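Below are structures written as structure tokens.
Each of the two complexes below includes chain A, the first together with chain B, the second together with chain C.
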Partner chain A sequence: MRAVLSGDMPRSRVLALILAVILVALALAPFLFPGVRTVDTAARICVFVVLVASYDLMLGYGGIVSFAHTMFFGIGAYGIALASTHMGRGFDALIVGAGAGALVAAALALVIGLFSLRVRAIFFAMITLAVASAVAVLVSQLSGLTGGEDGLTFQTPRALSPAFRFGDSLLGVKLNGKLLVYYLVFVGALILFLLLLRVVNSPFGRVLQAIRENDFRAEAIGYRVVYYRVAATCLSASAAALAGSLYAIWLRYVGPDTVLSMEIMIDILLMVVIGGMGTMYGAVIGATLFVLAQNYLQALMGSASGLVEGVPVLPQLLSADRWLLWLGVLFVLSVYFFPTGVVGRLRQGR
Partner chain B sequence: MTQAPDHAPKMARASLAHRVAPWLPLALVPVLAVLGLAAIPSLSSWLTLTISGLAMGMMIFIMASGLTLVFGLMDVINFGHGAFVSVGAFVGVTVLLMLGPMTGAPSLALNLAALLVAVIGAMLATGLMGWAFERAIVRPVYGHHLKQILVTMGGLIVAEQLIIVLWGPEEIYIARPEALKGAITFAGAALEKYRLVAVAVGLAVFLAMRLVLRRTRIGLIVRAGVQNGEMVQALGYRLRLVFVGVFMAGSALAGLGGVMWGLYQEVITAQMGNQAMILIFIVVIIGGLGSVEGCFIGALLVGLLQNYVAFLEPKAALISNIGLMVAILMWRPMGMIPVVKAK
Partner chain C sequence: MSEPMLRLEGVFTNIAQYHILRGVDLEVPRGRVSMLLGRNGVGKTTTLRTVIGHWRAHGGRITLDGQDITAMPTPAIARAGVGFVPEDMGIFADLTVEENMVLAAVSGPIDSARLDWVFSAFPPLKTFWKSAAGNLSGGQKQMLSIARAMIEKRRLYLIDEPTKGLAPAIVATMARALRELKADGASILLVEQNFAVAKALGDTASVMDDGRVVWSGAMAELGRDADLQERLMGLSMEAR
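So, the complex of A and B:
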């Protein structure tokens, strides 16, 4: 167990319990909660756990703020889409697409990182924001290649399509390709997450944390701060690209709104901060809470807004479309008062 | 025992290249304009594009100047600056809509008066909002860049959502005042009147800012604060108050820029500030964080380049700005006119 988690134990009974519940729930999601919508939610959680964990590698461990994480996510997703469109439906297309996506993302991160991190880390935040928006515009304009605003719908291998049956049913769940895709996403996400956990608990991760705490001192001890930061950025970018690939395989569709939009970037930020910066487990908690809230809290808010009908302004404040407002408030407050997020709280209160 | 060598200091004059270097960025704007002239076949379209590029640059400058000053003075990077642009635009447009009869009348004086009222309203609102923003959001996180970025981003989200709560989620279309519609023809080129107004306003703001910064006592304190804040405080000035003032002024300028930008595009949305932030960041980075002059030159470069490239190759317009930023950072990693030391 210790080796699987790279020696980074949850260090809190409650946290361990929550993580175990999430793991079991995700592992058995198609059997525990059969239903198109719930399984889709579970798959989203898997993908976002990896995406948020990779962002945390940069933000929580490296102390670098990036606004281009959805760009890397999108590169991975479009990698799968383009490879599947041009190479036909097959596992080779998936492998080529994911590999190429990860490589391109890492190369792009290398270029941006060398450019901006060399001067000041704060440049990185601004430059990534500019580059990411330029890429998003480019993707929607190059409609010949990327399908523009409409995105691309493509076919994954036959074994991963709902029409593929490999048995009758187990515990009332149809054994079809959709189930296989879910487990592909789940296992892929689990492996990526454990790899990221390995990275942050390696000597490399320690140096990153040292740089985050005091980069001047780390440089004085003899670590090339720029190299470490750039390396963290590249690693994080390729992990994000792989998460994007998983997401594309799950959806069998990519489009600017689903994988490249600024809203997703803000979602990621919220997940990292609410879960807890600088802990990989924070990514799990943050992503799970957020995706669940996104799917179910909005409905709740809608009914709450119906209750206060007639009162001025209040219905608008509580309407389901305004949930981002409350999350924004929560975000600001949690940066002030709980910079270590849910996980930090749980570990303190042990 | 050998004799110590004679002490013979040489007072070499700095080489020409050295003396010219600080002024080089100034030459970039005319150089770009000339390059544009070479690339664009017809003189009249070049003139049209140059004026619209200058107008766009001036508006970006108005929005960006506050950000760069705030950063230079207090080392605070405000990712929520775009919120002031949006709020300014919404308040300004609301005032303009209320003054419908004044903007609808075909009299230049009445139109400009309405515009002035709208601008003052917007600047008051965003100035006050800047004060609140500084108090509630920025103050607890001084000296902590990471938290600043996160918290101001959170502030931006909240402000954007509040705009939607107050004004509704739909974009608002707004017609320019009657006398500022249309274009005048000059040397065969159609020059939109509104753009000429924007250029004039931008120049006025820049000159006023320079005047305040170079000629007044408060400007002196601000510039000294950018150079070395601790020393200014040691001399007995309450830099905090100065900073709050600069923050409010910067927010008010962003509000002014928002009104101008909204009228330029003739449509306003809650997200417009965040979209403008992309150009603002590029401008602030290539100008050199903390430098008003650098910001001005950078804004003009971005505006001109964007218009020229959009004419020659429409799809490359946004990429061209990234290219410009890359080129400038290769040349001067700290921006064209670096002011703040790398911290």
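So, the complex of A and C:
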């Protein structure tokens, strides 16, 4: 187990238990929580765990603020969509699309990084904001290629379509292509997460942490700060692109609102802060809590509002329409009570 | 006479609009401990930081064992064999003692004999090997800071006020470790405010004032001459 986790153990019994519960729940989601919406939520959690973990590699480990993470996510998603549209529904299209998306994201991160990270990390933040906005506009404008605002709907290999059956049913769950695609997303996300865990616990990861703490001290030991920062950015961009590819395979659709919007960027930031910066397990906790809140808080509040009907003020406060307000309150409370994130708090309190 | 390990010739350094170094001439002989002395704010730390490349020299020339390093980037200077110990206990607090040391061994895995030697100089580091460096005491952090430079044999060590603010027992440990480093044949440029430590360790001394070296000679000579000390550094009998 220590080898699988690259020596980075949870270091808290409660955290280990929570992570185990999340892993088992995601691994058995189609059987434990059968239903289109619940499985969709589980798949989104898998994708966002990788996306947030890849962002944490940059922010939490490298101290680099980027606003272009959804752009890299979108590049991976559009890579799958464009490859599937032009090459047809085959696994070769998925491999080419995911590979090309990861390479393009890394190349773009390299160019942005070399231009901006040589000077000061803050310039990187500003440039990524500008480039991400420009790419989002470009994707909307190049409708002939990207489908514009409508996005692209495409077909994945037959084996990954709901119509494909490879058996009757197991524990009441249909054995079809949708189940296969869920496990493709789950296993892909798990592998990517473990790879990111390996990266941050490698000597490279230690240098990144040293640079985050004091870049001059790291240079005075002999490390070229700009190389490490650029390498971290490229790795992070590639991982985000691969998360985007998994998301596109799951949805069989890409569009600017779904994979490129600034809203996703803000969600990623919130997930990193809630889970805890500078720890990969924070990505798991942050993504799980946030996606669950996004999907179920509204319904939960609707039920709560119904229960307190007749009581003054409360039904209005708990109205399902105010779910974003309560999400904000939950965020403020989590930052107040867990300034180092849920993982940081659990590790301190072990 | 052999080439000195470090030579500064007419080095000027500006920080923003301030002219901090105004033509520093300095030599660190091979295998010797050279003390860099002077009142606060005369440019001692800036001299060390200019050598390591943190501040860029605006004029003059810096050579390491004959090689011009004036315009070299900091990591290249470090990899050329310069170990730097900053005055602010420059450790990485989020990493463990072990990770700090592994990070400092830039040319490969830590040599176990060298590590044993470092442990013998600083025993607490062995005790807290797996602990976060941020949890160490001030003295232990300073030990780690010096140990990080010692973990690989360097051509030159730049050490900035290693005993500043430390308890007398820790100062003695530091002085012992620096003596061992000296016995290992290291060339050291040491900024030190504690004159007793400077006298005990130094072979040569350079005294700075107003961004220049105003006196250079044998440390023993400076240590003997109370009037010279008074004139150069304003040291009173109590301070000695």
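Convention: the second predicted complex is superposed on the first by the 310 of 350 C-alpha atoms of A that agree within 3 Å, B and C clash if a C-alpha of one lies under 4 Å from a C-alpha of the other, contacts with A are read in each partner's own complex, and residues count from 1 in each chain.
The criterion applied here is as follows: a residue touches a chain if its C-beta (ideal position, glycine included) is under 8 Å from a C-beta of that chain, and two chains touch if they have at least 3 such contacts.
All values derive from a computational prediction rather than experimental measurement.
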Exercise. In the superposed arrangement, which partner chain does A:Arg118 touch: chain B (first), chain C (second), both, or neither?
Worked result: first
For this session: Please indicate which partner A:Arg206 is in contact with in the superposed arrangement: first for chain B, second for chain C, both, or neither.
Result: second
Exercise. Which partner does A:Ile221 contact after superposing on A: first (chain B), second (chain C), both, neither?
Worked result: second
Exercise. Should A:Val24 be classified as contacting the first partner (chain B), the second (chain C), both, or neither?
Worked result: neither
Seminar exercise, completed: The answer to whether chain B or chain C touches more of chain A is B
Exercise. Who does A:Met9 touch here: chain B (first), chain C (second), both, or neither?
Worked result: neither
Exercise. Between chain B (first) and chain C (second), which does A:Gln141 come into contact with in this model arrangement: first, second, both, or neither?
Worked result: first
Exercise. Across the complex, what residues on chain A touch chain C?
Worked result: 203, 206-207, 209-210, 212-214, 216-217, 219-225, 278
Seminar exercise, completed: Note: in the complex, chain C contacts chain A through residues 52-54, 73-75, 78-79, 84, 86, 90, 92-95, 99, 102-104, 106, 148
Seminar exercise, completed: Seen from chain B, its contact residues with chain A in the complex are 77, 79, 137, 140-141, 145-147, 149-151, 153-155, 157-158, 161-162, 164-165, 169, 274-275, 277-278, 281-282, 284-285, 315, 318-319, 321-322, 325-326, 329, 333-334, 342-343
Seminar exercise, completed: Counting only contacts in the complex, chain A reaches chain B at residues 59, 63, 65, 115-116, 118-123, 125-127, 129-131, 133-134, 137-138, 141-142, 262, 266, 269, 273, 313, 316-317, 321-322, 324-325, 327-329, 331-332, 335-336, 339
